Each structure stands twice: as C-alpha cells, then as structure tokens.
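Right, I'll just put the structure down here and ask away after.
For reference, chains read A, B, C, D, E and F in written order, and residue numbers begin at 1 within each chain.
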C-alpha cells in the first residue's frame, strides 16, 4: 500500500504500553523519540514489539511548526 | 509556552511555499524531510524562512505506525 | 506497507481538484462520496486520477460519531 | 446542527467498548466496519448502543488516500 | 444531528476568506478569535457569512494544553 | 516556544482525569468548558492541576464550523 501521508520516519520501537483501549508506542528516530497513540488492536494486528523496525507516519496537515 | 504535544523534532527549514490560504513548510530533521501544512498567517507571524531553525510539532494521537 | 490506521475504505476516484497547494480527492465508496483534502504533491506522487481504485484511510481517533 | 465536516457515513453500531477514559465504537457502513475512538462521555451523552443507527463523521483534512 | 465532538463554542463569524480549495473562517467567541480551515464547499453548503452565528466544533483528541 | 497553531484559548483547569494511558483535561474558557484528550505523560510533564491557568491549543485545520 502507498499512502498520501507526506511524513514517514523510519526508526526502532523502544516502548509499547497498552492501556485499556489506547496504546502508546515509542519509536527512536535517529536519537529522537516519537510517541504515537494508537488502538490496542493496531498494536496486535501489526505485531508491534520493542526492537522492531517501524515508521512513524503523519499527515502533513497534522504537523505544526514552532520556533524558539 | 510549554505544550502537551509529545513530539518536537528540531531541524532546518528547507522550503516555504505559500498557496492562496494554505502554506507548505518543509523541515530537514537530520536528513529526513518533514512536510507541514499550515496557514499563510502562521508563516508570516512566525517569520518562517528557508535556513531558519524550527521544530516540527505533532500531537501523539496524530502519529500512526507502519511496518514494511 | 501495513499501517495502524483502523479505517480503509475501498472505492473509485470520481474527482481530483488541485488548488495552489491543497487538492481535494473524492472517492465513491459503495455509493457514498468521501472527500479527502491532501497535498498536491501526494496526488502527483500516487498518480491519483478519476476512475482509479483507491482507499480512503482514516485514523480511528479522527472519526466522530453522530446520531439524528 | 449542520456541520462543515464533509464525510458522514450512515450505518449501524456493532460494538461499543469503553476503556478508562477512551471508548471504541464500531459502525457497520454497508459491510465495512469503521472504528471510532471517542471519549466515554460522548458515548454516554449520545446513548450509543449496539444496534443503533449512527453516522461516522470525518473532516476532509483527516482523510488520507492510499493505492495498492 | 448530535455529534460526539466534546467542544462546541458559540460565536459570530467575523471573516470568511476563500482560497482555491481551502477557506479560512474566523469566529469571535466571547472576544477570542478562533480560526477554522475548512473546504470552500463547506462554506457554500452552510452559507457561512460574516455576522452569522456559528459554532467552532473540535474533537477532544485535537485539543492540546499549554502553560506559560 | 512560539507555535503555528492559530488557536490558543486561555482559561483555568477545572478537571484532570487520568486513564490508563490517556487523560482528559477540562479547561474553563470564560464560562465554556473545553475538553482535551492528551497523554498521561503530558499531564505529568506540565504539572497540570485543577485551578492552574492553562491554554487550550488547536490547529486551524482541526476546527470545524457548525450552524443551528
């Protein structure tokens, strides 16, 4: 599948925490940690586990810009 | 200002393209290009220009995870 | 690529309208029209054209529920 | 109330799972299951129950497009 | 229609600017201006005009919290 | 930090409810209650507590418009 989302950052999963319905997955992208909040079902379906290679995917309209 | 958004990736602006109402800002984050779609007004207010340091900011609930 | 987004609805593209930076793509999903607002770049990269088969993909946290 | 969100897909609720704060509601839209992640409060306020008719509502800027 | 989105702020429209595909609508909510970026089609369908009463509607998962 | 998000509404926190992974923070904005769904980690990092001054921050593309 090829998706329109502009941003796909490759990294390694460093943490998977499941809640009752919502899970948090943390991916190390070249030293920066990206946190993703997804459903527990998605974690199970994709078999997401610490140490696996994964991509953080973000639609361009969900990216804000900040300056110091 | 300190914000709840979990993801702040520091980089350098490599492109600013303004449309009629919506602008696209591209930030080089350690070699990966992140595309942000924001209002023209935000570009003006923050004075975003190619070469400036900036952060791509994303709420955790807007980050998906993908695998190959 | 396999993505965590829970919702993938298959259909046929019925309209592609490009703006200056933002495009609108309409997909017929079994008789219902779904409108997507994405970047012009995504339209070009995926080669989206009227008549093509495509999926509308939505993260579960972006779906609201309404009743009459 | 009439809302600007472009996408309203009518269906029947097939599952309501409440977490500690976040609920998952699944709606059958002509055979496709759409998953929505909303607050428990919204589920209570709207009285969402399996078998009820409901709409999945999505803003156009939250719809991505994918191809095989 | 009753919607799950937790946030509905009532105000008066103070500006409507249409782009090629994307419009910006500004609503005065008790003295604070809220900016909304929606499709031109939604502006037309709802007949949004300066001076009209309108609501800014936001899903809870799209609201961040910041402190000084 | 200065952020591109167009909407920053100042108020007072009236409720903080933590779930297993996701928290709900309610802010009184001049009499209207705004509900935010964020990670527990963000609540801890920002030290969000009832009675504190805080801002509800929303990207313009996440604001819908509704009429009666």
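The criterion applied here is as follows: a residue touches a chain if its C-beta (ideal position, glycine included) is under 8 Å from a C-beta of that chain, and two chains touch if they have at least 3 such contacts.
Quick caveat: nothing in here was measured; it's all calculated off a predicted structure.
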Any chain in contact with subunit C as well as subunit D: A, E
Smallest count of steps, each to a touching chain, taking subunit C to subunit F: 2
Pair joined by more contacting C-beta pairs (D-E or E-F): E-F
Listed chain pair D-F, E-F or A-D that repeats interface C-D [over half of contact pairs the same by residue number]: E-F
Between subunit A and subunit C, centroid-to-centroid distance (C-alpha), Å: 21
Inter-chain centre distance, subunit B versus subunit C - centres from mean C-alpha coordinates, in Å: 22
Residues of subunit E whose C-beta touches two or more other chains: 1-6, 19-20, 22, 24, 35-39, 41-42, 46, 55, 57, 59-62, 64-68
Pairwise chain contacts, counting only pairs that touch as defined: A-B, A-C, A-D, A-F, B-C, B-E, B-F, C-D, C-E, D-E, D-F, E-F
For the subunit B and subunit F complex, residues of the former touching the latter: 1-6, 36-39, 41-43, 45-46, 55, 57, 59-61
Subunit D partner contacts - residues on subunit F that touch it in the complex: 17-20, 22-24, 35, 37, 61-62, 64-68
Residues of subunit E that touch subunit F when the two form their complex: 5-10, 24-25, 27, 29-32, 34-38, 42, 46-48, 52-68
In the complex, subunit D residues that touch subunit F: 1-5, 19-22, 39, 41, 59, 61
